[in-house]
């Protein structure tokens, strides 16, 4: 359908493999945790769109609608490599905002955000909305921590763990979580499946609510191809079976609803 | 040349007694139940919508990963997850029947009786224009070999469905066969009103670092532009023997791609994987075909099978 | 893990009694008679070269256009143009036999007798390591249906060749069949020493402006990365029933692609269309496989068919 | 094989659809009429290399070897579109020089070059070598005549025909040829098949030698795929049949050797 084409405002390298892309777009209302599907090329290689979280809304401060969005992405393969060569001023084909985003935390004593790698992305808008939340961030090495400064601007409680100890604590982010968790907390987590599975187990043991934002490879992004299925725990089985679609039923799920053993890690 | 063809009739075709305002449909499993794409394209401009494959009971589908991208294509192993025929009628048809387009229900089963029963439940449902039988499914009574690769089994399914319903029946053929013409003849003999082809081609991709298949089910179905040359060839072969209309499917991204199928012998086409890439592909294809027809002063009807020797 | 594998043995494989220093060969019809690519790659680093298909008499091939590019692939309808077996022996072998690599002659015919006779003439030619029988050719005595799609006919060709020569025989299978396993069993029963697959998949493309096929022969063979998922699947299926080694072919561009085939069950691979894109692809694949083997502390031998359940 | 990578020196738009690309390359000896196979992208779309004539040799004047080459190309599809976005300084994967080129004209009274559209390209080096040759150039419209000025720099006899009459004579270049041809001439022609067929017929009637440079779609460019076949007249049939490969047996052929009726125009 005819729509005003969205344009690239900027596409800046933030460090070795990381880019920030601004896209001019009179956005509809965006909920923290939603994502977009981006067509990186109008050729056939790669063929499918690529999913990216909405990092920030450009425009009037603190609003859920704006004049554009910012993506943060890491170059990991050919799609993101091509994206990194796109120029300001170019049209860009973006579908969204998609998915459901994080539920607002009401009635919790403490909000703990847990992010691994690019798992930071969907948490930023949420972090901006909430005051006094804690962010626990895990990465392999210092070079992956470049965006943590964005959070430090308005958050006091930011703790970092790196696997090689090159920044913050040496170790895994889930170890930080073990220390921070307390009853009455709520957890918002995003990162690799292994980390989320761990965080979910820690939350369950502490009897704490935990929301996770999942990633699966996606063909359509809107619940049509049924490709991005994850297994939910049986008691939540819907009419269409025990699989939930990450794109349209998520990407955010209550971690208690996910069958964590179903992932072939 | 039909210089006098009117705008409307230029694009229109008739298949199995149904009038399609244009020859571009969306393919089963790639367009949900229609409503999902409503925000992204004008559903009323489609020639038709073929809904996700329906079975008697709801099906949960396969474990993930279910899709993987391949060069100019993708593999899927959804496992025919669907809401089941009853939920479809109750929950999905109310939206679909209000659209100004044809609605075709794609059906499947694991036994001939399954097929028959799904078809019966759909027969007479208001707003449904036709059935498309997906015969690529494993026949549980015959050790899991797909109905779609054995002519006699395909014949059994199609006759059973055809004799149980009043709705027009389209049979969707599997490309995983030595000779598509044999399958076309078998299902035509069984009374199908039209054939559609191709369904996906069985494929596989391997994660070499983990040494395991990238799909949880190991193999899946290949779709997308990669398979288009194979699909065009099969449609052309089918057209050499078919006495009923053919609907061409496989890797169509643009009007030009759709025209390849029509010229090779298809009366209409279905667009699948391209919907994921651009939800507006089908409508753009309609526009592109119309532009072509005007430029060449012809109509879809005259173009069907017009490939020069 | 075989921590102690030496550099040389890491890459080496044995197929049909022949030692290959590495598992990467170049595919028939995509590498001429070797000499053409000498300026662009190091022929001595190849595991083997399979030469353009040879017939008893020289063949002129088909009229043009003979090739057309398609999404991530190409169609070809060369028509098996070749210099004929005698010129090959006289004019091409002197160059080939000096190379430090295995030379395999790909052969074809239109009757069983043709195949037998070509094979006989090649048997004993110095420097030739094996024969690869291309059974995708039309059987003129059976109305032009390809030998490669009828198990009994494939069996006849392979037994005839096998009984006439001392050279090891590899049978190259056509993918245009319902069940590749049936073909594998048929040619193994006929005594083939190995199978190679896949040959090209029949396809077609249409020039919509001119309303004619883009190939002069209308249909041709699809090759390139587009077909890789289909080829990997067929190799994996073949590996479930094969008792002889398998050589994997179809859309291999890189070491990673080659490894997909090996993990799925192939003992070696052939690179075809990729040579056109980068004449050095095969040598780069050898380097990439070696890097992978070192990193995983394994050998090709241990990798073959190592796909996890 | 390891070789010094070739680099793009410049890639300039010469007019609406036309570009000049300079490639830095310590070239081997190049014969006028030879071509190269260029890989326009390292992705898969398009998959195959694209053939382009060698327009000019960069470096010391009047030499058959240089420090680079210049291509002239017209954007007609996705390969050339991608080529037009390539940037100076980038590596470019080029194979060549390929094919045989034009035989040197000895013993002829008059050299007539006939070019249609981009058929100009393979004639430039030849024109530079010869003095006093005539160039007849045909195009659809003025916008396609941008490179004719390169030839005018050193050629006195340049005649142009455009189909719409927007530049030079209104009509076809073969009409100019009818006027210019005289016994003892030799013709070098390159352009669309229809034009070459016409030129060949004119030459035959005048009993004049005519060399044509053909274009076919090419997969390999080096005589291996046997895809770029054209039919030669039976009396020239070689051991491998009556087909000749444009890439390795050509692209230049004696027009008398070509079976012009075999082309499905």
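Order of writing sets the labels: A, B, C and D. Residues in every chain begin at 1.
The rule is short, and it goes like this: contacts are C-beta pairs under 8 Å (C-beta built on N, C-alpha and C of every residue); 3 or more make two chains touch, one makes a residue touch a chain.
Everything quoted here is computed from the prediction, not taken from an experiment.
Engineer: So which chains are sitting against subunit C and subunit D at once?
Structural biologist: Of all the chains present, those in contact with both subunit C and subunit D are A, B.
Engineer: Centroid from C-alpha atoms only, then distance subunit A to subunit D, rounded to Å. What do you get?
Structural biologist: Spacing between the chain centres: roughly 54 Å.
Engineer: If you average the Cα atoms of subunit A and of subunit C to get two centres, how far apart are those centres in Å?
Structural biologist: Computed value for the inter-centroid distance: 46 Å.
Engineer: Using Cα averages as centroids, what's the distance between subunit A and subunit B in whole Å?
Structural biologist: Centre-to-centre distance between subunit A and subunit B: 35 Å.
Engineer: Residues of subunit C that touch two or more other chains: which are they?
Structural biologist: As it turns out, subunit C has residues touching two or more other chains at 71-73, 212, 224-225.
Engineer: Could you say which residues in subunit A touch two or more other chains, in rising order?
Structural biologist: Expected reply: 44-45.
Engineer: Could you tell me which shape the graph of touching chains takes: line, ring, star, complete or other?
Structural biologist: Its topology is that of a complete graph.
Engineer: What residues on subunit A touch subunit C, complex-wise?
Structural biologist: 44-45
Engineer: Enumerate the contact residues on subunit B facing subunit D in the complex.
Structural biologist: Where subunit B meets subunit D, its residues are 71-72.
Engineer: Inside the complex, what are the residues of subunit C that reach subunit B?
Structural biologist: 70-73, 75, 149, 176-179, 201-206, 208, 210-213, 218-219, 222, 224-230, 232-233, 236, 251, 256, 259-260, 263-264, 292, 303, 306-308
Engineer: Subunit C touches which residues of subunit D in the complex?
Structural biologist: Residues of subunit D touching subunit C: 1, 39, 44-49, 93, 95, 216-231, 239-243, 248, 262, 264.
Engineer: Residues of subunit C touching subunit D in their complex?
Structural biologist: Listed in rising order, the residues of subunit C that touch subunit D are 29-32, 36-37, 40-42, 52, 58-69, 71-74, 76, 78, 81-84, 87, 212, 216, 224-225, 253, 273, 275-280, 283.
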